[in-house]
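One chain, chain A, appears in both complexes that follow, with chain B as partner in the first and chain C in the second.
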Partner chain A sequence: MIYEFGHLLLIFALFFSFCAFFPFGLNIVNFCEKNLLIIRKISNLNFLFVLTSFLILEYGFINSEFSLNLIANNSHTTKPMIYKVSGLWGNHEGSLLLWILILTLFTFLFSINKNIPKNNFFSNILGIQNIIIFFFLLFILFLSNPFQRSSNPPLEGLGLNPLLQDPGLAFHPPLLYVGYVGLSLSFSFAVASLITKNLNQNWVIYLRPWTLFSWCFLSLGIALGSWWAYYELGWGGWWFWDPVENASLMPWLIATALIHSINVAEKKQNFMNWTILLAILGFSFSLLGTFIVRSGLLTSVHAFASDPYRGIFILIILGLSTGIPLLIYSFRNTQKNVKYFLFSRETALLLNNLFLVIATITILIGTLYPLVLELINNSKISIGPTYYNRTFAPILIPFILLMAIAPFLSWGKSGIKILLNKLLIFSGLTLIGIIIFYFLKPSSIFAIICGSLSISLFISVSLECFNKLNSNKRNLSITKRLKSLPKNFFGMIFAHLGVAVFLAGVTGEQFFKEEIEKKINLNDKFKLGKYEILFSKINDVNGPNFLSKSAEFNVYSKGKFIKTIISEKRFYPVERNQTTEAGILNSFLGDIYIVFGKGNLNTGWTVRAYLNPLVSWIWYGVALMALGGFISIIQIIRKKKIEN
Partner chain B sequence: MLLFSNICSANQEVNKSDLILNEVNQISKNIRCLVCRNETVESSNSQFAIDVRRMIKAKLLEGKNKDYIYKFLQSRYGDYILFEPPIQINTLMLWLMPFFCLLFGLMFFIFKYVKLRRK
Partner chain C sequence: MNPKAQRSIVIFSIILVFTITTFLVLDALKDNIVFFYSPTETLEKFKYQENQNKIRIGGLVVKNSLYQNNSIVKFAVTDQKNKINVIYDGILPDLFREGQGVVIEGYFKKDLLEATEILAKHDENYMPKEVADILKKEGNWKGN
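Let's look at the complex of A and B:
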């Protein structure tokens, strides 16, 4: 009974979000407080409805209610509690409900926000959010209903894909969805500004924290997903250019461009058109990502169920939500020609946007090209990492260099002399850094380039800190000088430092990696870099819902015992599926990564071992970027409090 | 002396087989496992991947090189098996478009500045 109630609540939410169209339409013609109040009430109520419905479904998962088709297909009584709870979003219907929950949550948070003036602009944003909610509710109710009952419920569920039975599932999708869905607000901001013809920069001030917020979550979500793939798939890599990974990277790149263009729009009344375009595109790419994952058009490790109708429906939403705003956009071109100079922060940020958009287009081409080709002449091709490495490098190199130089440029017009001075110090220090790097014997020219980019960024960031601290108020103490720095300085420094750390990680992992594959037996030793590894033990272990063969490897460095690595091969009897759990010895400077393969006592086992220097810096780097974003948000909120 | 040379040759043999294993890994990184989902032959443990790896090893021992093996696989299974799309007519746009975009973007940028300067 309770599940029918959950179903009913979703239908109510659909009805109410439809009702919100009328006051929204009336408000466009003639703004009235009362209508706005109705929209806000509906937004708040819808959040409550969807939340309750979500909790009811969660209750079903926890109690293994197999009369619901969704739970019977994706859960099992022996599954540990954490996977019962997170199993809700380990499938198509449930993850869509999570998506809608976050969408209504954002709308609710926006609706109760006290800082933003309650005018027709505000009403438009909420109205557009409700339109998006309406379409997604339509989608879930008619094409992917999580509350569908079965006529003869099974006694036991089918279980969850073992690859998903990992703590990563509890965090990766929710974080990613907060990022995806948060971009819907930026989208609504942009469309609302197009409707009200309010193309001045006032609204950008309110857009910034929301965009930053979703960008941070998107970064964390992607990083967590990559880390999860690294330790779970047992392939030794951390990014596979899988279509679904690309689908999350595209909105991230656009959101990154958006954050930077908002910066200019806020300060200089410039880039307004560009900002609007990026805000629209950001959400379009989020939807495209959803479309790619849900439609099953592209096979990937992520693909859940594939149903052509679902794909078509999302394609319609995508077409409408991109097409209509872009159409209005093309009619509302009110470019103000503000003068700017070649050597200025504005130029640097324009180029930044350009590179990021081109990078996004490159990924888009790589992701969709095989699809288009198959439609045209039925030939199938695969596009793997090599393609992206080759097309990305020419964009990435100038982009990172620009990133290193940009902080030296000032808004408006930079003094050429000061600029040259700074550049000279910068290039000198970078050169020294590169020479030192050369002694590490980088294996190829690409290793040198990648490492040099990271070094130049490190030096740029530290020089910038030094300059800022040294330039004004020399007589004050360090803490006071730190306090007098511009407010968004720290956010930028942390984010850029994050990129430098990330690139250092990439350099280490890509170019200094060592790997071996060997057939070895118990008590055999092998060498990996400076380490000696002894295959010491093999055990049979029974987990809560799996049987496992676990192998123990003792790691020695110069004859000294360091630690034991346990590498497993698990068999999940319910799902009849096997997973490899790589054994990882993690340290700040690098990981030892051991995958334990097939074999037996007579022939020995195939063991694959990797030495991945600096690999964890990749995720530390992204975490630093997100930290920079959060610092900026906190500073915006503080500033508002002081102003109030 | 004999003992010594024996050890040496054994060592060399180990090194040689290790080298070939390494090369097999390098080559199979670029080959799609056709029965898996977006996985390379290098990372996959499916029967198909094992067979392909064995085939690569045999070809390498015959003295064939990397390009020959790719060509061979391509003629047998189609373009789909290679993760690095070869440059040919139907992938020409794929390889060129990103560079056109970059060129186009930079031209847009320069054009904008020339326009601003004139004003």
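Let's look at the complex of A and C:
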């Protein structure tokens, strides 16, 4: 009975979001406080409805209520509790409900926000949010209903794909979705700005924290997914240029461009049109991501659904939500002509946006080209990592260099002399860094390039900190000088430092990696870099819902024992599926990563081992970027509090 | 410099970046596309021909065809009409099993596929889409 109630709540929410269309429409013609109040009430109520419905479904998962098709297909009584809970979003219908929950949550948070003036612009944003909510509720109710009952419920569920039974993956989708869905608000801001009359140009100020927020979560979500792929898939890599990974990277790149263009729009009233365009595109790419993952058009571990109607529906939403705003966009011109200088922060940020958008386009081509070709002449192709190494990577080179130099440029006109001076110090220090790096014997020209970029960025960031603290009011104490810095300075420093750390990790993992694959038996030793590794034991272990063969490897360095690495092969009887649990010895400077394959006592086991220097820096880097974003948000909020 | 000249420099550099990217993309697409064939198609197209490009072949692993010696693996893959022998040096993925669907990437030489990568990412109930399509085409699909 309770599940029918959950279903009913979703229908209510659909009805209410439809009702929000009328006050929204009336408000466009003639703004009235009363109408706005109705839209806000609906937004708050809808969040409550969807949340309750979500909790009811979660209750079903926890209690293994197999009379619901969704739960029977994706859960099992022997599953540990955390995977019963996360099983809800480990499938198409449930993940969509989570999507809508986050969407209504954002709308709710926006609706109760005190900082933004309650005018027609505010009403338009909420109205557009409700339109998006309406379409997604339509989608979930008619094409992917999570509350569908089965006529003869099974006694036991089918279980969850064992690859997904992992703490990393329990949190990966929610983080990613907060990012995806958060961009819907940026989208609504942009579209609202297009349809609002008498718009105050300052609206971008309000856009900033919301965009930053979703960008941070998108970063964390992507990083978590990549980390999961690294330790769970057992292939040693951290990014595979899988269509699904690309689908999350594209909105991230656009959101990154958006954050930077908002900066210009806020400071210089410039780039206004461009910011609007990016905000629209950002959400389009989020939808495209959902479309790619959910349509089943592209084969992937992530593709749960293969119902073509779902793909078509999402394609329609995508078409409408991109097409209509772009149509309005092409008829509007909100841009004022602003004075513009070549050597300025604006130019640097313009180029930043250019590179980010072009990088996104190359990924888009690589992701969709196989699809298009199949539609045209039915030939099946795949595009591998080499494509991206030869398109995406070269674009990043000038991009990162620009990123290192850009902070030295000032807004408006830069003094050429001061600029040259700073650049000279920067190039000198970078050169020294590169020479030191050269003594580490980088293996190829690409290693040198990648390492140098990271070094130049490290130096740029430290120089920037030094310059800002040194030049500003020399007579003040350090704490006062820190306080007088621009409000987004720390955010930028952390984010850029994050990129430097990330690149250092990439350099280590890509170019200094050592790999060994051989057949060995118990008590055999092999060498990996400066380490000696002994295959010491093999055990049978019983987990909560799996059987496992676990191998122990003792790691020695210069004859001294360091640690034991345990590498497992798990068999999940319910799902009749096997997974590899790589054994990883993690340290700040690098990982030892061991996977073992098939074998027995007579023939020995195939073992593959990697030494991955600095690999964790890849994720530390992204975490730093997200930290930068959060710092910026906190400072924006604090500044607002001081102003009020 | 006057504003107009400054603006044209920016516009020029944007066009330049676009041109370079287009070149990069086209060049990369030319070399890095891997075509996907069924065993039958592969034999029709490439048997006893010099072929330098990487290809992907999808099908079912022939039962009792698996032979392992050290890390060298040999097996045959079929679309129930023709079969192709595969040789591979490396660890087989977890989901690799005789009678199951598999996708192999590698170089086809004469009548043997020298595999560089074996992809068997899917669970047992689920067939890689490409393989399902191949089996459907050959009329041997037993599923929904």
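Criterion: the second predicted complex is superposed on the first by the 639 of 644 C-alpha atoms of A that agree within 3 Å, B and C clash if a C-alpha of one lies under 4 Å from a C-alpha of the other, contacts with A are read in each partner's own complex, and residues count from 1 in each chain.
Definition applied: contacts are C-beta pairs under 8 Å (C-beta built on N, C-alpha and C of every residue); 3 or more make two chains touch, one makes a residue touch a chain.
Fair warning: this is a prediction, and the values are worked out from it, not measured in the lab.
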item: Simultaneous placement of chain C and chain B on chain A, clash or fit; value: clash
item: A:T579 touches, of chain B and chain C: first, second, both or neither?; value: second
item: Chain B versus chain C as contact partner of A:N273, first or second or both or neither; value: neither
item: Partner chain(s) touched by A:E515 [first = chain B, second = chain C, both, neither]; value: first
item: First (chain B), second (chain C), both or neither touched by A:G597; value: both
item: Which of chain B and chain C A:N161 touches, first, second, both or neither; value: second
item: Partner chain(s) touched by A:V357 [first = chain B, second = chain C, both, neither]; value: first
item: Chain B versus chain C as contact partner of A:I365, first or second or both or neither; value: both
item: Which of chain B and chain C A:T52 touches, first, second, both or neither; value: neither
item: Partner chain(s) touched by A:S462 [first = chain B, second = chain C, both, neither]; value: neither
item: Contact residues common to both interfaces of chain A (with chain B and with chain C); value: 234, 299, 301, 339-340, 342, 350-351, 354-355, 358, 361-362, 365, 369, 379-384, 386-387, 391, 394-395, 517-518, 597-598
item: In the complex with chain B, residue positions of chain A that touch it; value: 233-237, 240, 242-243, 299-301, 303, 337, 339-340, 342, 350-351, 354-355, 357-358, 361-362, 365-366, 369, 373, 377, 379-387, 391, 394-395, 515-518, 597-598
item: Residues of chain C defined as touching chain A within the complex; value: 1, 3, 6-7, 9-10, 13-14, 17-18, 21, 24-25, 27-29, 31-37, 56, 68, 70-71, 90-92, 94-95, 121-124, 128-130, 133
item: In the complex with chain A, residue positions of chain B that touch it; value: 18, 21-22, 25, 30, 32, 37-40, 42-43, 45, 78-85, 90-91, 93-95, 97-99, 101-102, 105-106, 108-109, 113, 116, 119
item: Touch list for chain A against partner chain C, complex; value: 161, 234, 296, 299, 301, 306, 339-342, 347, 350-351, 354-355, 358, 361-362, 365, 369, 379-384, 386-387, 390-391, 394-395, 398, 517-519, 569, 575-580, 595, 597-598, 606, 608
